[in-house]
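What follows is a pair of complexes built around chain A, which joins chain B in one and chain C in the other.
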Partner chain A sequence: MTTLRQTWAVTRYEFRMQIRKRSLWITTATLAVVLTFSQGDRGPRHLPPGTPPREVMASWALLMALLLPIGFGMVLADRLTRDRRLGLASLLESLPIGRGALVAGKYLGGLTSTAVPAALVLLIAAAGETAHRHDPALFAWAAVAFVLVTLPGLAFVAAFALVCPLLTTAPLFRALFVGYWFWGNMLNPDLFPSLTGTLLTPLGDYPATWLMGERALYAGADGWLQFLRPEPGGAAAVAAIALLLALSIPPLALASPLLRRRNLSA
Partner chain B sequence: MDIQITGLRRTFGKVTALDGLDLTVPGGMYGLLGTNGAGKTTLMRVLAGVLPPTAGTVRVGGHDLATRTGRLAVQRRLGYLPQDLGLYPDLSAREFLDYVGLLKGLDDTAARRRQIGELLDMVGLADAAPRKLRGFSGGMRRRVGIAQALLGDPALVVVDEPTAGLDPEERIRFRTLLATIAAGRTVLLSTHIVEDVAQTCRDTAVMTRGRVVFNGPVADIVQRAEGVTWELVGQGPPPATGVVVSAVSRPDGTHYRLVSSARPDPRAVPVQPSLEEGYVALMHAGANG
Partner chain C sequence: MKHLPLWRHELRRAGWTACAAPAAALAVTLALTATAAAFGTARPQLERFLLTGLEALIPLAAGMAAVAVVSRDPSRELQLTLPTPYTTTLGRRLAVLGGLTATLAIAFSAALAAGGWWTGPGLPYAPLVWAAPLLWLTGLALLVAALGRSVVLATTTVAAIWLGEQLFAATFATTPGLRPFFLFMTTRIGVPTDWDANRAALAASGALLTALALMLLRRPERLLTEEET
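Up next, the complex of A and B:
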């Protein structure tokens, strides 16, 4: 019980500190505006009247997932390393709280703090769409799209953004992360071997394709690691979500020993 | 909460920070003096359960710090103010203390808030409690640091170089605060400022090169400089022999006070030593021994 309470305490305060960061809101707002106004003909603003609300909001969720996670990854990259930078690592190590609870709390706090602006962006998009499509179901589908398209990718990004800087540095991780994001999510697999269009794509390509009823981006497109490119559908979408969530666990499991090694070397 | 340390070694790669250290701290306010690099911070971190010993045993209140259960038992009754403690700039003083209180396991919200209010009052930060920590001065930060250390009414308080970098007024204020909190608990004060120990501790240990070279009443340190403390008035540079403890320029020349086992100059006269000179004599003997 104590561990759970301590994890909850870290989650609450990590969320509080993160949500107050101006950079989080500025990054979210800037990227959302850029994506909204630079979307091409296939973007959700150009979907014809009568398009099912589920397709509209899945399209918005996918659009926002193109760049927002990059910003979130950047913002979250210092959450575990900054305790040491700020001179708090020794104090935290001296408290009767396990590193596992600390890491879990930081992860959940970081994840929820990035999920809030991401959800808000989708709600604003739903409000905008409702104004001219006059379908309140758009809000419900915004929530569904957020849970299925946005959240699993965020969970994946948050885990790696939290832990990888313990192996490198936050600035180096940020540079590598941007490269990875474009290579693993948006690079056409026809042009170059990449993870784009596989079940491992944190962009939410498979769940978005499932909700939209047609290929959203590259989900299932032929390419490298063909076994990870099943035909899009409900089962593939669930598999993609499960895989992303499962892949978030190993970095988090590694966080405690990495943190210990880092603090002992101080 | 007594501390018993036997043969404590702590190494970092090829560097030996603590070299077979033996020390017993009975309780009350206890000083730990030593130069920079003597191993004080490493010892503090071992006592706080932050670093495991490489060898030797450390028992705090009967709990062995080498075991996880022992470490946790000590950490539940510990208040630790690390050297150069940082704070979360985005939190207010009250929020920071609340966070630390929660991590210390103070789950009763009302009791925790009441204690935080009392501690903020005690360290003179009640008015600044809702302000973000990023705007706090060094002295205010240090007071937040001691307030967090006292959360949960710990039986052992470990404070590492708490007055370094503070202006004289803040230093005196902080020292008084430390002396106040020592009633009924063990407070281990690590510092390289002799005056801080002289003003607050009855007993002290002196460390050099990862070992304890003195352990006893503070007043006994003075004795170490008896017969080896000299005063010399001269116009030129200080003599090459001995360690200059102070140099005061006056109309009749510069008044040097030195610690030296031999008369450093034919004009030098023996004088009654101060605590600082006793400390220098001790460190000098430690370095030579």
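Up next, the complex of A and C:
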């Protein structure tokens, strides 16, 4: 069996395990409903008629990105650590599949299984908006917003949520992740030095700003690490996406040696 | 002294990461404050951030840790056969976690006061800065963990409410129905006249949530979480 086929097999099983997880759907649905009804006057529901569909769906994608990745991070936090807890680590070690394929499969399976509810939420939002804006292009822009705003951040969160618990354990990671999410995505950089508004914001601030044509949250706002805060635009959005995807690789590369050390010390 | 080995055992069973979470929260607070100081942030901002470590980060860490304490025990079936009710055992572990967190928070507050960095209320009300939100968030985490039987659901609920109150702080501060349950009143507003009412509401409702959770946890099937099935 080639590494590619091994990875595909793990991806399929991981996806099927995750997609059937009750808590994944309950948390996604609850967070989406809470965000929809608490969005305030600046939210996408209150955009005036005639607003371009690109702007409407980018606004929805950004709104959902405020909290949905928190739930996804919580779901994925124990995916690599649970094998040892459930006594499966030595069994997995005895299989011909390599650790690299196992990690890649778990990552891709976890990423796709969390991407499905995130995409569904945006499609439902597009359906709701179509009902009173009567513009089928909203569905196409929902797909674009999902790929540009939601997916890169999700890829970044999934990589760290999968691997960091190998170092910190899942409970400690979950606590630190929430603090990081607020500090690195939402804390006004004017008030305190933070990563908010930089290219490293997994919230999707730069791509959303590009799609909306105006600053979505803090993208490019003055603050700490000024070189990571270019003027928002197409090139900056592409750079933000590329950086997030590139930063997802180091934790995944570290996962195999971490797993090896962990499983051999069992 | 004869119960000391029992408490030491419960400390180990609670897990080192659960017990390390509040310490990690304070370490993060200090690291971020030091970074901010290095970038020339004004002293009032630094003081407020140090207080945020106590009022916001310590309760968040304790809430997450409490979920971990009640949701995992490899010898749960054995525990259920013992004459000591399992909820008593869980209560002991939560007490160990609470005691550790309180010790750390008091030591941190004392260090801030000694260094002239404390901006919260004076004694005897100072511990309510962290104790009231801690009780509320922990109670909520335990109740959702018992109701939903899912670590993911419980931790996400705590995270969402914590982030929601941070994001919509102005709404919580100005809406009469929400103000008693505003977790971050000290760091976001200060110590207004209704501060003690806010702390009393948080502490009382937190105690109620915890009691409800412990009542639910008396039913053994509530102890089986989704992650183990």
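In this text, the second predicted complex is superposed on the first by the 265 of 266 C-alpha atoms of A that agree within 3 Å, B and C clash if a C-alpha of one lies under 4 Å from a C-alpha of the other, contacts with A are read in each partner's own complex, and residues count from 1 in each chain.
Throughout what follows, contacts are C-beta pairs under 8 Å (C-beta built on N, C-alpha and C of every residue); 3 or more make two chains touch, one makes a residue touch a chain.
None of these values were measured; they are calculated from a predicted model.
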{"item": "First (chain B), second (chain C), both or neither touched by A:Lys21", "value": "both"}
{"item": "Partner, of chain C and chain B, that touches more residues belonging to chain A", "value": "C"}
{"item": "Which superposed partner A:Ile249 touches (first chain B, second chain C, both, neither)", "value": "neither"}
{"item": "Partner chain in contact with A:Ala127 - chain B first, chain C second, else both or neither", "value": "neither"}
{"item": "First (chain B), second (chain C), both or neither touched by A:Val33", "value": "neither"}
{"item": "Chain A positions touched by chain B in one structure and by chain C in the second", "value": "21, 85-86"}
{"item": "Touch list for chain A against partner chain C, complex", "value": "21-24, 26-27, 30-31, 34, 38, 66-67, 70-71, 74-75, 78, 82, 85-86, 168-172, 174-179, 181-183, 186, 191-193, 224"}
{"item": "Contacting residues of chain B [partner chain A, same complex]", "value": "12, 45, 48-51, 72, 75-76, 78, 80, 82, 84-91, 95, 99-100, 102-105, 107, 148"}
{"item": "Contact set on chain A toward chain B in their complex", "value": "2, 5-6, 9-10, 13, 16-17, 20-21, 85-88, 90-97, 263-265"}
{"item": "Touching residues on chain C, where the partner in the complex is chain A", "value": "15, 17-18, 20-21, 24-25, 28, 32, 35-36, 39, 41, 45, 49, 57, 60-61, 64-65, 67-68, 72, 148, 150-153, 155-160, 162-164, 166-168, 226-228"}
